[in-house]
């Protein structure tokens, strides 16, 4: 029983971190209508960005997180402008393939610059806090708070700012949005910036807890896709729910099956969702 | 810590560049050179070891060339990347064997790469010197074209089990990712512990996960007094952090190839790794060859692989000198003549070749140990090095 | 101008015994997001007729076509075609049962040639099995030759011979419309549903299309068509069915329907 | 001078396929003008050409002395012309209030006061300000769509079949709303299937047939003309 | 055979495996408009199936290859079943996950796959008899199989079956209305495509006598996408041409890498992979039709035509 509770706590923390890139992926999909498979590289880029800010410039975690967001977001926007935009008339699958190519390029830019060595943040590690038989790490709590804060900021951005509303409007009804004077290209670029930025923030939180190398993002990418699909592609609350679910499922599953199959949980979740409820938990296009 | 890793990269970059630029000119001047190659993981999972390994071999070749080469010929060393990936390894090996026509390939690291490349080597009569440890490798029908300087898993784990018992641990939990030696590691440890009345629990984990909290929980439920962390550096970093967070108070032991200075720097907090034991086939600490490797690489504690590949290069060059023939078969037939069986003790190829040319019998004692091989190509006995991390530094406990 | 029946050999369409309703629709209902688009449609299409389906925008005509052709399943109701219940059947099953439709905005396969379009619609293609594709079969070659012959004749008839190897995306709007009709002809259906066959077509071409359509019943092809051009309807269709607000309002000869007060109101938008 | 003058307008969805073939019409300040005609005559296409959603292939569109043919829809919107599409004319997943804000996306400064004014004018919207647009009834949705168009304080409103899909009662209410709006000085050009109802509230009307204006005149006169009725049935 | 000749033989054979993978991708991407981002997974599936059948069960090599075809087809069937009713993006995500899962299974089901040890000693056909000529003979055999698959796929392409498949690619709904059972076409095409990828894997294993999970990196899938895009999506010959173009590119960068001084090996490798990604984007952007664009086969002229 304790084991289950403990795994559940771990799963929720993992899920909260997973939620950021999952939101990013789903938000980009909602506005641009193609799956941007470069999310792995965006997450890795964010991890390196945060690390540079922290280890080189000595920035504190929150500032570094902002740096991670901005760097990954900028990379996303540049990728979109330079490589992907021109391919959109050829259909979403072509863009998705190009996004994979972009992922390979970005990952190798990092490899070129930093090599394959592991990097770690300059932060003290603390022992876990115990609540009865449950334990949770201060870093986890901090990550949880940061993840929730980023999500809250995102929801506030979408709910209260003019441009955030314009983003939702474009995802909802692009033709009408254009008619109302909302510049689609600007909104799309913003969506990519925010989406890739969230991936970057998620990547950095991941790096905080663990370590960073050019494959940091790749390791979680299947779980991210699973979270987005389970929640319903294009639905932001869905991505949050999906991420928590996948986080929980991955941790709980280690109690039942070999831990080596953790990565396969996402795949199974995707298959189950598509077979039983193809539009995901919350359906597509819901905000 | 960051400075360190960058400096390392830059230095290897310069070395590699210099090697590739300098070589052709020398070759033209000398006619038909002797061709050798390193095939190390410059990228991928072993990417942090390969570059230094390649450099160590390159330096040996450089020294020999400076001293006039072997059999009056220059030695040309080609360095390829196996990407820690057997498919890429096979493609690279093909190129080395077919295009570069090398007579020896040195330094293959991952067991899977070695297993994939070995058949190409024995079929083309190319010597293969490896640092991979999986038992299965020397059991391949390699017809003598393979030697390894790394003790095999059986030897390693048996010794480790004895040591663990000597530390007073009775309940040992092994946490290990899926690798070629995973099964044997668990089985051998189990057997070793049983002999001393110990007990083992084990868990195989996925080495690509960002956190191992639940896995650690599972380990703690076994109530171990020692955890054997048998992964590679990247996953062991994560694992040790999570073990620390979980408040584990028992002992931890791991392999020195993963728990090294890099890992300590990585974790960055002495407390987390304080008291962790490491275990490794010992480089011949204090041996003169070992001191040379230190100088070449600029590392305080050169890792065993770098030492081993340094030995590969020396052995191969001396074997060529002894056979008066640079073919793979010649190397196969004469490598044991220079590595063992008594004679003048030498610690580098320049001295060795001089002695051989003078008609002396030599016995190489390398940076990784005495370098004596049995018929299968396995190293005969080997010293092991036991260290413990004390305030962020690896402190030597014993070599035995 | 030759009508299709003059040049193309009659297909072996089994003659149906029931003389009357080839298609009988009863109380078909369909709602989208709570909006009732079809509110209980009842209509019959007599075998051998060219039946016109008219009505103001939003009356549910195209939705009815979508339901009948299987693209949209009905919420309720029955669709009997040649004695078979089709409600809820898959589009391909309906098509293979001999009921083929066209689309309002000419839709097709932009990168396939005119010839390929025509061939695609050929019925009974043994060559569409993997085994036949890989190993070839006499049966498939024979049928392919037969269909090719027919495709050429239809292309010639519709003046598409010149562009037979052009991809559909390179055709003019009118040619696309003709191709739609050609495809329907290739399928040798018992019933063809035409969604605005003359939308955006010039008067000359319109007459040509009417000419081709008029020849269909003689070949055993019954026609149900949606059209906005009343002249076209008047000249071609009998009977005419009027839909409004998701129901059938009137049915009968063109003049009678035109004179119907309810129909005039529906078109002019008078409300109760 | 007319508020809107359209001369010889041509165009369609595809350049090669003209649906509007040289139509001319005008709307004066403060008028309600109806555009009626049989199905497929090109009425909606004409509105879209005027509003800038489609690019005309020929002809002139003059809004208060300015040639606007070929300008993008948003630029035309800023000049005082608002278009209400027939379908998908609200942001379904956003609240009523957010919809209105999007209506004045280009003029955010005035948004707050205008929303208050519209809430005063349409109490239903005020009541439902936090409701998602997708939960509104058909009639309420049309009102919201028009209110969104009014957020830019247009001089001229283009309505594309506002009563399509509405129940008779809802349609009646909608027409009443249109009349009320017009009294406040907004000129209206609307396409309606519901021709008799539209003519009833209009000053003038144009009958469009195969992309050209076939008849025009005072609404009452057209309503009385039997040949107009015949037009719809292909007489 | 030694030296350059042997190296070239090796390249020809490897290019042949890539060509089969490209043919596999081309069948569904060009033919039916579906994508398979898990090509490496099907490649692995075939390699393991044949290796296990021949090494563990002692089956003859031909039986192993046949087994690979069957297992590949079943794998393709399973993957498409859950997604055929949905948009293509979902299939893309599922195939991505499939490849990763195959790798996990290969790594962990040690009783079956020997884990990351890999399976060595996979027999090669007539290896003993051919001796030094084995590689050359095998490369030739691979080429023959590529030619056979090329021929079969071209037949499919030009047959009524291929025509229907293309119709599915262009507009599923209209194809349905035209009476085509699109589900059957999509599943069949994907299963055949998966079987061809598996065939490539089986051939790979018997050539190199060794398979291991690490061989089947996701990057291979990118290579093949580049091959098909560069060769010409929808053109059977284009896939083969593209595959050899890519292998040429990959191998020549190995020699070119030394030309850039002052870089660490890691950086050389990074540049190579960057170039692959860049090339794919450039091709998609500026030469989407590839070097051999898709062709419309002319309608066969009927004999009676002259009469009219």
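Labels A, B, C, D and E are assigned to the chains in the order they are written; within every chain, residues are numbered from 1.
We adopt the following convention: a contact is a pair of C-beta atoms (placed from the backbone, for glycine too) under 8 Å apart; a residue touches a chain by one contact, two chains touch by 3 or more.
Just so it is clear, the model here is predicted, and its values are computed rather than measured.
Each step here moves to a touching chain, and the least such steps from chain D to chain E number 2. Touch-path distance (fewest steps) from chain B to chain D is 2. The chain with its Cα centroid farthest from the Cα centroid of chain E is D. Using CA-based centroids throughout, the chain positioned farthest away from chain B is D. Looking at C-E and A-D side by side, the one with more C-beta contacts is C-E. We define each chain's centre as the mean of its Cα atoms; on that basis chain A and chain E are separated by 31 Å.
Between the Cα centres of chain C and chain D there is a gap of 34 Å.
Along chain B, residues 9, 43, 47, 178, 204, 206 each make contact with two or more other chains.
Residue positions of chain E touching 2 or more other chains: 104, 107-108, 264, 266-267, 269-270. Shown for chain C are the residues in touch with two or more other chains, of which there are none. Checking each pair of chains for touch leaves A-B, A-D, A-E, B-E, C-D, C-E.
By the touch criterion stated above, chain A contacts chain D in their complex at residues 162, 165-166, 168-169, 171-173, 175-182, 285-287. Put simply, chain D touches chain A in their complex at residues 51, 53, 73-74, 77-78, 83, 85, 88-94, 98, 101-103, 105-106, 108, 148. Those residues of chain E that touch chain A in the complex are listed here as 33, 35, 37, 82-83, 85-86, 88-90, 92-94, 96-98, 100-101, 104, 107-108, 219, 222, 225-226, 229, 264, 266-267, 269-271, 273-274, 276-278, 280-281, 284-285, 288.
Residue ranges of chain E in contact with chain C, taken from their complex: 152, 155-156, 159-164, 166-167, 170-171, 173-182, 188, 192, 294, 296, 298-300, 302, 304-305, 308.
Interface residues of chain E, counted against chain B in their complex, comprise 2-7, 10, 14, 104, 107-108, 110, 115-118, 120, 208-210, 212, 214-217, 220, 251, 254, 258, 261-270.
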